[in-house]
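Naming follows writing order (A, B and C), and every chain is counted from residue 1.
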């Protein structure tokens, strides 16, 4: 007998149990087997992907060790490292956090806590959902037109600031949506309790709603920022350099990394190396992917575990 | 005097009981009010004046034309079947309905003669003076101390906060149970204690009115008893308006009772209305409207 | 108790400082929310201007000729659209059974603790950057899966399609699982009450009841597949020649954009080029924007219809 989704057996179950006994239904077994195969094959792909990348890149990574991270880019596979990519990605992520997190939370707070239900609010909400579905390369065009050209005075043109702002706009809608969900999960009773003793809206939000929603907001934001960390397409258009020669050398320091028109990022390096025809670059690319995935997996796993932890606590 | 769980009683009321059961229920209520004075306390001045108060949720008229005077330092009970607009009316008294976007109020509601829905009235200020206790205990997920101190703190109240905490918890008859664990979470308390904590939290801003919306409906009989005793004590210092669908509770604690019911119009619109508002004793022993009598004797519906 | 009414008239006007702060905070938050409108407007404006330049300079008849070769002034929209359709079609063929199977299993069959483990794993797959999947498609799927069975080039649209398909499996799975879990318990119990088996209940009762949510999930996934760039840019190569079969290299809409962006095709020779190739990038971007917008709105519509049912 197949098991039901309900926790307590219903009368139907009991009756069916006695009628059918322990007989295995072949169709049931077949269907559930096929479904499980569907699920497991996606996970198998993940496993194969990891095995493949590790198989190709692990050797190089262990051989080169930390040097791989601290060596600058080079057109020769033997001595190429990912230094500028790691630095660029960290700088981009920092800008995304600084710009998208406060803006996203503020917008979500407005929509969930303040906004009246009217056409304007409706329009804003629909608009945000649609923005979340715009392909990331289109954001690249936006970044190119607005940050590289229009506001080049402020951004310095093809700088890491331009890239960071572009990625920030890309993740902003997702940030708003996840934060809104977190706010919606806060019980109304809590707001009533606070307003009931004479707190204003903002006091209620700051002292009660945000603290309760914070774990969910943070885990959602971490996952969102992780997405920006792995993005490549928008950077293609908003000025990240691909050339093996032009990226800022490590000696130049952090300031010029921010202001020079020649930043790059880890995913950009991976893209570029993956396109090189020489066989040596396969190992190099794989090693860079291992670094990228390691950074991402740590962040993702931490966020998912944290969320599960909070979920279990609240139920 | 019995302490039946609320739900239990509510069911008997609506269950179209046999005549003998009906009489028994009415007798029980009469017993409860028997030792109370027939006349209500006189001379207390009006604190809330309701004149033709009508509340809408969007296009839906939830309660119509309520006219009544609620007096100071009394306990006023709002009773009636579920959905007749008791909570809706109660939530007008401290502008809590403002939080519901579709809610709209017609007619007038004055507090000490001031129009509560007037131009210059700040709902935040109203809620500081008119505290509220909700159906389900809703302490902040913070320490007991912080729960009580929150209202005074944001209200910029002068004075020693520790003293305010102790005084409020004492008034809510919770002090002895929690004085050694003020740093513990308010959520760690039992349901009845949580509700008393919510009362202490409401008292802490020194309001002059306490609104209670079925404060005992999620509590066990023992906890209910404590809250009822507490209300009788608090009556000295506060005006209390309580919503309950436990008629015996209304009979036990309140000075005056307002009985609401639902009018169903020809096109099926259900609108709450105030049927009768009188001294509790009179309302339960010799109601002037048959609707009231039917309800308290269990013939309702 | 005394008869006296309060002597001083009540002042309920509140603290003006707190009221001012409240208004300030509110307007600040409103600006943050309204920013999204500005972003949308900026996207449309920044695309439309250059796209218009493209439209006026290029003869629409040439949209249907063979070959997307900006360097030679040839802009065959047909080529890149057809390649996009092939890639996203293959992606849907891959992602639909895998995603829906996973969704049904997670929603109807998996025990709590199994679900607890499998669901986060799917989410990790969702977190793999597309550039990584692109590398995987180019260096693993093509040589080890496709080429042994099918005579395909080193860069080919089939590998890109499979890669994109893998990328959207988690999206299909999670959105349709949500739809199936939203199906009321009573419906399942009614089915069991009639003596139906588990498989019958999941596939013939729950699945149809959740169908609009599932359709919405698939539309959303299609939109994502059309807009995906990096997998295609790596696995499908850079050939601008039209191919009717997915066995060879070909530029899709996003692939063409990436290719223009990195400059390998920017070299403008003096011969026969009347339009800045960069403008075509904006034209394709605008097409992409409109197509994905239409799909997203469509999926939203479908979802709204199914919400009303319960």
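Observations on the model:
Assume a contact is a pair of C-beta atoms (placed from the backbone, for glycine too) under 8 Å apart; a residue touches a chain by one contact, two chains touch by 3 or more.
Keep in mind that what you see is a predicted model, and the values were worked out from it rather than measured.
Chain centroids computed from C-alpha atoms place A closest to the centre of all protein C-alpha atoms shown. Of the two chain pairs shown, B-C and A-C, the one joined by more C-beta contacts is A-C.
Centroids built from CA atoms put chain B at 49 Å from chain A. Measuring from the averaged C-alpha position of chain B to that of chain C gives a distance of 52 Å. Computed from the mean C-alpha positions, the centre of chain A lies at a distance of 15 Å from the centre of chain C.
With touch defined as above, residues shared between interfaces to two or more other chains in chain A number as follows: 200. Residue positions of chain C touching 2 or more other chains, listed in rising order: 18-19.
Multi-chain contact residues of chain B, defined as those touching 2 or more other chains: 124-125, 129.
By the touch criterion given at the top, residues 116-117, 187, 189-200, 203, 207-208, 212 of chain A touch chain B in their complex.
On the side of chain A, the complex with chain C involves touching residues 2-6, 10, 12-13, 16, 25, 27-28, 30-32, 34-39, 41-43, 45-46, 48-49, 52-53, 56, 103, 106-107, 109-111, 114-115, 123-124, 126-131, 133-142, 144-146, 169, 172-173, 176, 200-202, 223, 226-227, 229-233, 236-237, 242, 267, 270-271, 274-275, 282, 285-286, 289, 292-293, 296-297, 300-301, 304, 308. Residues 18-19, 21-22, 25-26, 28-30, 32-37, 39-40, 42-43, 46-47, 50, 97-102, 104-106, 108-109, 111, 116, 118, 120-125, 127-136, 138-140, 166, 169-170, 173, 185, 188-189, 192-193, 195, 197-199, 202-203, 220, 223-224, 226-230, 233-234, 254, 257-258, 261-263, 281-282, 285, 288-289, 292-293, 295-297, 300 of chain C are the ones touching chain A in the complex. Interface residues of chain B facing chain C in the complex, by the touch rule stated above, are 41, 43-45, 72-73, 111-114, 116, 118, 120-122, 124-126, 129, 156. Considering their complex, residues 94, 96, 99, 101, 124-125, 127-129, 131-132, 134, 136, 138-141, 150-151, 154-155, 198, 201-202, 204-205 of chain B touch chain A.
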